[in-house]
Amino acid sequence: MKKLMSGNAAAGEAAVLAGCTCYFGYPITPQNELTEYMAKRVPEAGGIFIQSESEIAAINMVLGASVAGARAMTSSSGPGISLKQEGISYLAADELPAVILNMVRGGPGMGNISPAQSDYLQATRGGGHGDYRTIVLAPSSVQEIADLMPLAFDLAEKYKNPVVVLGDGMLGQMMEPVEFDHIRKPKSAAKDYILTGAKGRPSRMVRSLIFDVKEQEEHNWKLSRKFQRIEQNEVRYETYLLDDAELAIVAYGTAARIAKGAIARLRQEGLKVGLIRPITLWPFPSKIIQETSKTIHDFFVFEMSAGQLIEDVRLSLEGKGRVHFYGRPGGVIPTPVELFRIISRHYYQAQREKKS
Amino acid sequence: MKKLMSGNAAAGEAAVLAGCTCYFGYPITPQNELTEYMAKRVPEAGGIFIQSESEIAAINMVLGASVAGARAMTSSSGPGISLKQEGISYLAADELPAVILNMVRGGPGMGNISPAQSDYLQATRGGGHGDYRTIVLAPSSVQEIADLMPLAFDLAEKYKNPVVVLGDGMLGQMMEPVEFDHIRKPKSAAKDYILTGAKGRPSRMVRSLIFDVKEQEEHNWKLSRKFQRIEQNEVRYETYLLDDAELAIVAYGTAARIAKGAIARLRQEGLKVGLIRPITLWPFPSKIIQETSKTIHDFFVFEMSAGQLIEDVRLSLEGKGRVHFYGRPGGVIPTPVELFRIISRHYYQAQREKKS
Amino acid sequence: MKKVYSRPKSLKPAHFHYCPGCGHAIVNRLLAEVIDEMNLRDSIICVAPAGCGMLLYNYFDIDCLESAHGRGAAVATGIKRVRPDNLVVSYQGDGDLAAIGTAESFHAANRGENITIIFVNNGVYGMTGGQMAPTTILDQVTTTTPAGRVSGQAGYPVRMCEVLAVLDGTSYLERVAVHKPAAIKATKKALAKAFRHQMNKTGFSMVEILSPCPTNWKMDPLRACRWVEEVMSKQFPIGVVKEVQC
Amino acid sequence: MKKVYSRPKSLKPAHFHYCPGCGHAIVNRLLAEVIDEMNLRDSIICVAPAGCGMLLYNYFDIDCLESAHGRGAAVATGIKRVRPDNLVVSYQGDGDLAAIGTAESFHAANRGENITIIFVNNGVYGMTGGQMAPTTILDQVTTTTPAGRVSGQAGYPVRMCEVLAVLDGTSYLERVAVHKPAAIKATKKALAKAFRHQMNKTGFSMVEILSPCPTNWKMDPLRACRWVEEVMSKQFPIGVVKEVQC
Amino acid sequence: MKGYIEIDQERCKGCSFCIEYCPKKAIVLTDKLNLKGYYVAAYQEGNGCTGCAVCAVICPEVAIEVYRGGTT
Amino acid sequence: MKGYIEIDQERCKGCSFCIEYCPKKAIVLTDKLNLKGYYVAAYQEGNGCTGCAVCAVICPEVAIEVYRGGTT
Amino acid sequence: MGYTLATAAMLEGKHVTYFPSYGVEVRGGTANCTVAISDEEIASPVASDPEFVVAMNQPSFARFQSILQSGGLIFVNSSIVDVSSARGDIEIVAVPTSELAERIGTIKVANMIMLGAFVRLSNIISYDFMIKNLTDILGEGKAKLIKLNKEALEMGYNYVKE
Amino acid sequence: MGYTLATAAMLEGKHVTYFPSYGVEVRGGTANCTVAISDEEIASPVASDPEFVVAMNQPSFARFQSILQSGGLIFVNSSIVDVSSARGDIEIVAVPTSELAERIGTIKVANMIMLGAFVRLSNIISYDFMIKNLTDILGEGKAKLIKLNKEALEMGYNYVKE
């Protein structure tokens, strides 16, 4: 049965239903509703909620809970996520599962509390130190938040790697009808890497200090083989009205839903525009973009930042096809109408150039 | 007159000679010699040295000193740099000059203390939140460290932006002959943005909270116009034996010097191999790589990581030319001989393919 | 007739954004009065926090820096070391100073930095909507302690003055309040005294101010003031906690 | 003849990496003896720091996690909340616990987490080559205080037990040392007592251990022990600082 | 009259601190909404305001200015 | 003899704590270097070791094992 | 009121988004929210030019009449809102909700009264459906107040009959 | 000793790098360093297969004889190092530096003695140049010890004469 819920609350509810028993977080707008939801919901469900003294403490509590075998998560926004980078690097190095939710706001610095997509590079390139990647999931509706949270925990445990869910202030605070009936608790598979006290088995150590450079290098290659597996198996995306399209918008999250609004109008006017919506920002859906470039020449990157997603689109295209860009950083929520105007301009121009 | 000095000490001496009056840092190998050098040297020179309680405190002390008008710096490695990301984002947002030195070590996580280049993406993509960039300088010898530190401070003040100097454990700890005679104190230009007490002038505020999204967006575009100016004016690189080359190595820092060693051997055997060495990692020298791709088809990316620099090379080439890769993460210091072997293999293969 | 009370000169005309009955507003005004009376407008550099106090740079005609959340003591350290002759003041809330900023506050105090912290203790995270703060009282209901703060889960209210008093670098620590006229007058005196300590380089000074947050306490302004009197000041005793020779 | 002292079973055969006369080595051995005698091998989960103590997971046949520098108390909190029946111990140095880890240590203590911290206070950053620690004594020369620690610049040595004693969440805080046989025996007792406190869920327990670092003190091992006796224990008085009913 | 006050009603947020603490009950809360949407306080002539300034001391919004005394 | 000890000289790092504290002076520092490069301590027969184990209590390297007593 | 409207629309099977006023980090000021109701997917929950505006107090009226699309409807609580300053190209629906509410006996239902009026004139959602499913719409919490709320809805609905 | 050698080479105008042993974060173990001296730029300061090794104690001998290139020279402090386990394809220069040093009266100069021997047999740098510029090489600090050090250098130099 559907409920009208904010993205923040839905994320929390979905996490709990997916077996998340530990939430550690520190308040920051625009994700406070999640922390507050968990303060009530997690203890009800018999789990652990701690409002930590800082974001750094939170990510390290997550690490502790994870190494103890629990499904644990934290959430924050902009500045708070920057503070977690060391901890995320440790989680990746220790090969521990964890889910980190970032309801992105305008930045850099203090910025503001309005929705933005300017933490894309941080999330996809590993804002922390060393060779590692985090899986990055980008929902574009409250329902999709509820759908991706369980997936986030599953992937985190499957690959023993931190997973970032990248939302924004709008997705976090807006309410939409959402239902959770499909979410199942995970069948508890015994984890052979966690610390439980060494009773009846050899003792274990979880660490990322590897003085021997050869060993460390082997560890790095082991990780990067894992990342390659993830790139092969876990790419997710949505395509929308691509078949007959002459221009493909590439956008994720909130920007993608605005793009759909624009496409509706564009189609009314007979402009053949489609959409590629990455759902995993890392691994990035390069293949579909390459595929598409065989039939479509113009790619229109639309994001709520000064230009970050565009790097991955250019890396995917490698010169095949023309990349257009429209960005609105700083917490501005662009309207479908404005996007419609911009795109039609680019569209006709592209047509003219084809002619000549 | 030349002195035999470690890269860490040389960085400190050059900074002091370039007018750096404030050093705030927290110990971490492999950059401790710098902190220790500054503990003695800065007070001697009448400046301020504080061993802060943490890397976070250090970067924020730097921000305070910078807003008060001083040339200030901090240094760290891997995990410590991750912890500074929030502060660096604030420096960029507040448009304050600062120099951050990262003597990179093996990672992720605790990793080890051996030289690595695995913080490239963090440094060049802004590991912090929001739309910003930091200028990134990559020396490849102790002398070049001494040459780039003054430049780092000049660029930081010229563009009112944090500058990262990206070294590694080897550059930090090895000793080489170095001289400082060319370094001049900056002619103190009055700064109209610093806080000195509002005596005899309107009061000033330095802040990055901008609730009005339109204003925040304008601030973001202002910053990105600045970043474009930097991309136009501040690209620095070295080319080595490119003219007749049939294969171009792309490598920076320590990897670049090892590459030169390999090239010497390769040239002896008559293999026409040259080098493009980015000195600014951001702004990245894309132009010269594009130029080169007109005459050279094979680019060999060599870095002491699992593959980070390669992204910028691919972005520069946009499909023109073939990208080869050899990476050694984890603190391994590859030898010229080993690189020589790998490259000759790729070289001959490329030749054969051309034939056929 | 003579004007016996008029708006402090160091305040800009801007209207405060604070909620009705907010202690921050009173503290802002007192700070402005002290700046006027001690002629500090030209020498003071103020560090604003992340918190409801953050917009003070919109209200004060003085040099202001906005700090990252919790780092006020660290940036103030950087400023003061570079400009020892300026009066450097860091204005911070309880979450800012005693949660995320614990280490920075603690070590600036331990170094005996010649800075003054104005510590507005309202027992909650005001700006973010009323979550628990380190200073939240046991059983107090907040948005993150819906059943009241339970020590076993969420710990105990922290008395920062008493903690920092253990450190040799602190020179003046007093706890005051702004819930009634008498307390307000005492608060103003404490601010002036703290500034004198800084001018005499006696070390780290802090004035902790118990301050109503009617909005997040879900009380009308007058009830909030009564709560400060009857409940909060029991947990956080008013008075000088530490003072060295000035 | 009967063997009256043999190597603790909970120690692996590996040789210690510690320098000659290092207090860490003695603390490691005492911890192993207590683990054996209290039969904790199956239930203990130990958190190793960044610091010279970090490699203890190479020496102990128990479950160990390596923490990021300073975050021991936070990760231990995460572990203990998930596994309340395990004995969770965080082993930390003075830089780790009292500098970068200040906030995590402070708030774990204030929450009254049922964890035990073994706090090895050797007055310097050992692992990174002897820089100043928060616990470095005034005038003590380190690589970052070449002229000795000067309070005006670098602050004062921090007495962590006394600071944490102010917090209501702490249940047992004792300062001991490992520079002579008698002190070593007392240290062993203190560790056992702290573990009993944790088992009885009385709250946060910490044993601060004054520990020689001959290498960075630039002293031979015996002189280092004398320095603990004559200088260090004056600044950091030995004894129980706080204990609640167990 | 000994004194009087002026209230900047656009600054007033109706917290009624001044009303509570005025020894002369010379301030009242009105049902007038200002632009911010608050019911504002108003000075009450003739209750014998002494110009003691207690109201100004407690007013969070610095909305009150106080006048006192005879011919100075 | 009341007791005796065995020193694992490859563990010993020559800190000489045991030598300092042995009430019977039954341990001496030798000029023998072990593989780690330390001059190691050695047990001295016939100084009347009592098996008091003080040496073991202070040995940082857990290099000493102690034996004591008659026929138990 | 916005939440109730959105819930009603949801239960009626429409696409709906509810967007609260931003500014948890800004104190003071008045609250507001945006409700989007449609038969297709909703691209953006923020409205640059809404068809309808409901203003329960003066500041909201001042702020939001300006973004209303011309020809749009603005519902105002005429008990406390002075509409003299209104734009010419918009239609004003004045409902003295405060007074009406006092008649029922509690100011709390002012919103429901306005909602009743809104539902009638906007006809985005069905009034009958709303009345029928009021319990689900308001949720267990308010169950006991059903009668009261129904009364309020009707009052508003009827007030704008003619 | 490595530092002195590197300084000498630098003053002689050669390219030189000095790389200290890693492991500030690992306690115990013995110190070591790598010196590269060349007429061209030096690519890497680490030596995978050095031409010369100097081992002042047993552990260093054990560890570094293995990486010495075959035909290479290994200088050992024969006073304390047992070379019985040496590889067959390398040449051993045994200098009883400890004993020699004691003759001069201080163990401190053992390194200088070894350096004298090294300079002679390696002939990478000029002995005469070194003697001439000893003050600059050692730096003000050690100025007063010049005589002593010179003596030590000579002793080592002559010890390996034949």
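Each chain gets a letter, A, B, C, D, E, F, G and H, in the order it is written, and its residues are counted from 1.
Throughout what follows, contacts are C-beta pairs under 8 Å (C-beta built on N, C-alpha and C of every residue); 3 or more make two chains touch, one makes a residue touch a chain.
All of these numbers come straight from a predicted model, not from anything done at the bench.
Undergrad: Would you mind checking the shortest number of contact hops between chain D and chain G?
TA: 2
Undergrad: Indicate the lowest number of steps between chain C and chain F, counting one step per move to a touching chain.
TA: The least step count works out to 2.
Undergrad: With contacts defined as at the top, give the pair, E-G or B-H, that has more of them.
TA: B-H
Undergrad: Centroid from C-alpha atoms only, then distance chain D to chain H, rounded to Å. What do you get?
TA: Computed from C-alpha means, the inter-chain centre distance equals 41 Å.
Undergrad: How many angstrom lie between the centres of chain B and chain G, each centre taken as the mean Cα position?
TA: From the centre of chain B to the centre of chain G is 57 Å.
Undergrad: Would you kindly tell me how far, in whole Å, the mean C-alpha position of chain E lies from that of chain B?
TA: Here chain B and chain E have centroids separated by 61 Å.
Undergrad: As a quick test, compute the distance in whole Å between the mean CA positions of chain D and chain F.
TA: 26
Undergrad: Which residues of chain A are in contact with two or more other chains?
TA: 29, 32, 50, 53-54, 56, 79, 86, 90, 94, 109-110, 113-114, 207-209, 211, 333
Undergrad: Among the residues of chain F, pick out those that touch two or more other chains and give their numbers.
TA: Those would be 13, 36.
Undergrad: Could you tell me which residues belong to chain C and also touch two or more other chains?
TA: Only 18-20, 22, 50, 66, 68, 99-100, 102-103, 106-107, 111, 127-129, 134, 153-154 qualify.
Undergrad: Looking at the complex, which residues from chain B come into contact with chain C?
TA: Result: residues 21-22, 24, 48, 50, 52-54, 56-57, 60-70, 72, 86-87, 90, 94, 195-200, 202-209 of chain B touch chain C.
Undergrad: Considering only the defined contacts, which chain D positions touch chain C in the complex?
TA: 99-100, 102-103, 106-107, 110-112, 134, 151-156, 158-159, 162-163, 166-169
Undergrad: Using the touch rule from the top, collect the residues of chain B that touch chain D in their complex.
TA: Residues in contact with chain D: 26-29, 32, 35-36, 39-40, 43, 49-51, 53-55, 79, 109-110.
Undergrad: Chain H touches which residues of chain F in the complex?
TA: Residues in contact with chain H: 13, 33, 35-37.
Undergrad: Can you check the complex and tell me which residues of chain H touch chain F?
TA: So the residues of chain H in touch with chain F come to 28-30, 57-59, 62, 80.
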